[in-house]
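Next come two complexes built around chain A: one with chain B, the other with chain C.
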Partner chain A sequence: MIAYIVNLATLVAIFGIAAASMNLLIGYAGIFSLAHGAFFGIGAFAAAQLALNLTPDLLLAFLAAASLSIALSLCLALPALRVRGEYFIAASLGLQMFAVTVFHEAPSLTGGHGGLAGIPQATLLGIEVGTPWRFLAVAAVTLVLSLLLIQILMRGSFGRALMAMRDAESAAMAFGKNIPLLKTLAVAAGCGLVGIAGALYAFHISFVIGDSFTLEQSVLLQAMVIIGGAGTLAGPLVGTLLILLLPAALTFMPMIPPTEIGTVQQFLYGAAMTLLMIFRPGGIAGQSVGRR
Partner chain B sequence: MSEALLSVRGLSKSFGGVAAVQNVDMDLIGGVVTALVGPNGAGKTTLFNLVTGNIAPDTGEVHLEGRPITSTKPHDVARLGVARSFQDLRLFGKMTVHENVMVATEPATWLWQPGGPEAKRERLARVDEALERTGLAGLARARAVDLSYAETKFLSMARVIATGARIWLLDEPSSGLDPNSRKRFVRLIRDAIAAGVTICLIEHNLDIVTELADRIAFLDQGKKLAEGEPQAILRDPTLIAIYFGERRE
Partner chain C sequence: MLFIQLLASGIQTGALYALTAAGFALIFGATRIFHVAHGASFVLAGYAFVAASALGLHWAAAVLLATAVAVAFGMLVDLLVYRPIQRHEASFFTVFVASFGIVICVQALVQFQFGRGSVAVSTSLTRSAELLPGLYIAPVFWVAAGVSLALFTAVSLFLERTNAGLGLRALSENPELLRAYGLSSRRLSALAFGLGSALVVPGAILTAATTGIEPAASHRVMLISIAASVVGGIGSLRGAALAGLMLGVVENLVVLVLDTQWSEAASFVVLFVFIVFRPSGLFGKAVTS
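Right, the complex of A and B next:
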């Protein structure tokens, strides 16, 4: 039971980081990407390859995962510079599908359809951190540091510029904001951070496969942000807790037969999202949207 | 007459088959308030968009203090000291009043602003002053989306004030204001003029135009039909007929 809870808590921390990075794009910059699952995967594969071929050091894995994700984020930044709204969503969807194809069809990089197995336990500055409790501590500290960094950035002029771009791009330009640079920085920051989450995920699961980073993963991350409250610090974490703990909580309800848990879960998700968007469109942790 | 701070020469822009601006010349002289007057669709806002780099002209040039700025990116035009407001305001709705104005004082896009704590104090002082002048100091923590109509208009002005720009391009800044708010708006503009700001405003309220403008440029169907002192322009029966849609010459 304890092992189950520790595993769940570690996943909450990892997906909390991923959702917080998605929130940077959706919540603060107003960039609705459907390719975030792909960058989660890029980080995971980068860390896995590093651990399998060179070293399982977590800091180096973070560096490799973030660097590769940031470098490849230009593929997302380019369409973001040219198109907005639904056109960008379509472009990011294309990128997500392209990435999944690469994950499946490039066995030398990703293990292809079989994925990469046998990822060694992580070390941190020479100390073994692969045990469940230690890894939970590392993931939790990374989550806290990520949220702290986001908080610092968003309270400063960079955060204000991002939010200004989100609310009225042309007005932000009229007040001196270089929109192409802002979008590139936002996409790089969001993708770099989700790359780090991907690295943690690879070490935690010790097996990475392209099927874990499909469009469904991108949508799940978006749901975590929107349900929790886009554009708030706590929102993504609240959404992550809800989405990851709900299925776990359902398994402890004796009145629901184990075979029906999936159905009940889908029903509850659907109902929760619909009701939330009607009665609290800003998300659980978000402010209500109203006019005087 | 002193030299033009901002000058426009032969500016033209077409969208598909529609000539939105045709061969327009215009000078903004330092300390002089110029009103762009004309019926809807005359090309007034397009002219602002061309000057501020939001859209590139087909032909023509824009100079700021003799320096060519044609097709310069909007954020660079802003940094050169040209601030603008929008007809539909384009406030940063989910941000607070204070944040809306603060954004206008922060020129850099990078992770930090230049100048350190001293510059930040100066920017904060500018924000406070802009909020004070527009009567929004008590609403600093309110979200823009929660403001009343008149308050949103003054927030739009507060952002422009806080930039510290020498040239203001104001797109229908007083439209929809009640008489009291309109008086406050006129006072605000007069204070800015006294402080040496050069203003070009698009305005449909001819009382405001008469009260504030030193010169009027009259536009119709993308062409500048006339330019001169308000009394002369507003007494021209042909222009007035065009403005009120009674007759087209």
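Right, the complex of A and C next:
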């Protein structure tokens, strides 16, 4: 039971980082990427390859995962600079679908349909941190650091410029903000951070496979942010907790057959997304919209 | 001969994509709503047809039932979801998320009722005949091509020749002015949703009759519809249909040079390239965002 809770808490921390990075894009920069699951996967595969071939050092894995994600984030920045709204969603969708195909069909990089198994336990500065409790601590510290970083960034001029861009792009441009640079940086920051979450995920599960980083994963990350409340610090965490604890809570409901839990969970979060958008578009932690 | 064979199956797939995408483009063009739950209409129509056939209904009755389900679903989503959202906030992303939520719900419900796997209706239409040496064409090819052509012509005529069609086109250009003329934009948007959703029916039924339909098909349909609409130029019915046809053909022809697993990715590369280099699509107006 304790092991189960520790495992769940570690997952909450990892997905908390991923959701916070998604929030950086959706909530602060107004970039509605549907390819976040792909970048989560890119980080995970980078860390897995590093751990399998060179060293299981966590800091190096973070570095590798973040730099690869940031480098590839240019693929997402390109359409973000060119188009907005529905067009960008469509472009990120195309990118996500293409990435999944690559995950499945490039066995030398990603292990193909079999995935990469047997990722060794992580070490941090030479100390083994692979045991459940230690890894939970590492993940929790990473989560706190990422949230701090986001908070500091968003309080500063970068964050204010991003939010200005989100709310009125032409006004921000008129005030002399370099919109293309801001967008590229925002996309790089969001993708780099989710890459780090992916690295943690790879070490935690010790098995990565393309199936974990599909469109569903992207939507799940979006749902965490939107249900929790986009553009707030606590929102993504609230959303992550709700979405990850829901299936755990459903396991203890006697009337639902265990095989249907996935389906029931899916239905509930789909319904939550729709109903929230109708009645409270700001999310749970967000401000409710006043009636006009 | 392999080329012609692949071209033929590409046209068959593409014809159905074209209709589905035209439905999506019709809804988007008239109402400016990015109706990603279009894929859910597809799945519901397909399953309605399968369920009706399993009950032993005549195929025409099953087609009618499927159409009724798709039309009712499209109009209900408009009435119960999009309209309340647009009343307080018109942000496109709010609408998108709500619509996506519906896709997830429908998929879960269909899974719950019919299971995860794909279901199919067996017909004699799929039995191939050798038309030329090495070229196999099943009757379903002619059905797909014929139905698509007929329906597309009918919808185009409807949009161009009737008052309601004129209203739909006016709605996409200037809803305020439309209201000033005393036409109801609500009724017209309901019409757009009904008509657009009805266009998924041939694709849904023929998919159920050939490869089989599964709950997760909604994602694919949504992706193809979005891709075709963007490539064709958002809002352009003709462009969406042509691009849908093209995507179907590309998807099949890609097999000549690459492994089959890459065929789906090929359509998304086309989509991505179009968005980055020519966001207005084939027939669209220049993007002013």
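Here are some notes:
Methods note: the second predicted complex is superposed on the first by the 286 of 292 C-alpha atoms of A that agree within 3 Å, B and C clash if a C-alpha of one lies under 4 Å from a C-alpha of the other, contacts with A are read in each partner's own complex, and residues count from 1 in each chain.
The rule is short, and it goes like this: a residue touches a chain if its C-beta (ideal position, glycine included) is under 8 Å from a C-beta of that chain, and two chains touch if they have at least 3 such contacts.
Small disclaimer: the values here were computed from a predicted structure and weren't measured.
With chain A as the common reference, chain B sits beside chain C without any clash. Of the two partner chains placed by the overlay, only chain C lies in contact with A:274; chain B stays clear of it. Of the two partner chains, neither chain B nor chain C is touched by A:151. Put simply, the three-chain overlay gives an angle of 80° at chain A, taking C-alpha centres for chain B and chain C and rounding to the nearest 10. Touched residues of chain A, counted separately for chain B and chain C, are more numerous for C. In the superposed model, A:131 lies in contact with neither chain B nor chain C.
Once the two complexes are overlaid on the shared chain, A:251 sits clear of chain B and of chain C alike. No C-alpha atom of chain B lies closer than 10 Å to one of chain C in the superposed arrangement.
Under the contact criterion defined above, the residues of chain A that touch both chain B in one complex and chain C in the other are 289, 291-292. Of all the residues in chain A, the ones that touch chain C in their complex are 32, 78-79, 82-91, 93-95, 97-98, 101-102, 104-105, 215, 219, 222, 226, 260, 263-264, 266-267, 269-275, 277-278, 281, 289, 291-292. The part of chain A that touches chain B in the complex is made up of residues 153, 156-158, 160-161, 163-164, 166-168, 170-179, 181-182, 185, 231, 287, 289-292. By the touch rule above, chain B contacts chain A in their complex via residues 52, 54, 73-75, 78-79, 83-84, 86, 90-95, 99, 102-104, 106-113, 143, 145-148, 159, 163. Listed in rising order, the residues of chain C touching chain A in the complex are 34, 81, 84-85, 88-89, 91-109, 111-112, 219, 223, 226-227, 230, 234, 259, 261-262, 264-265, 268-269, 271-272, 275-276, 279, 287, 289.
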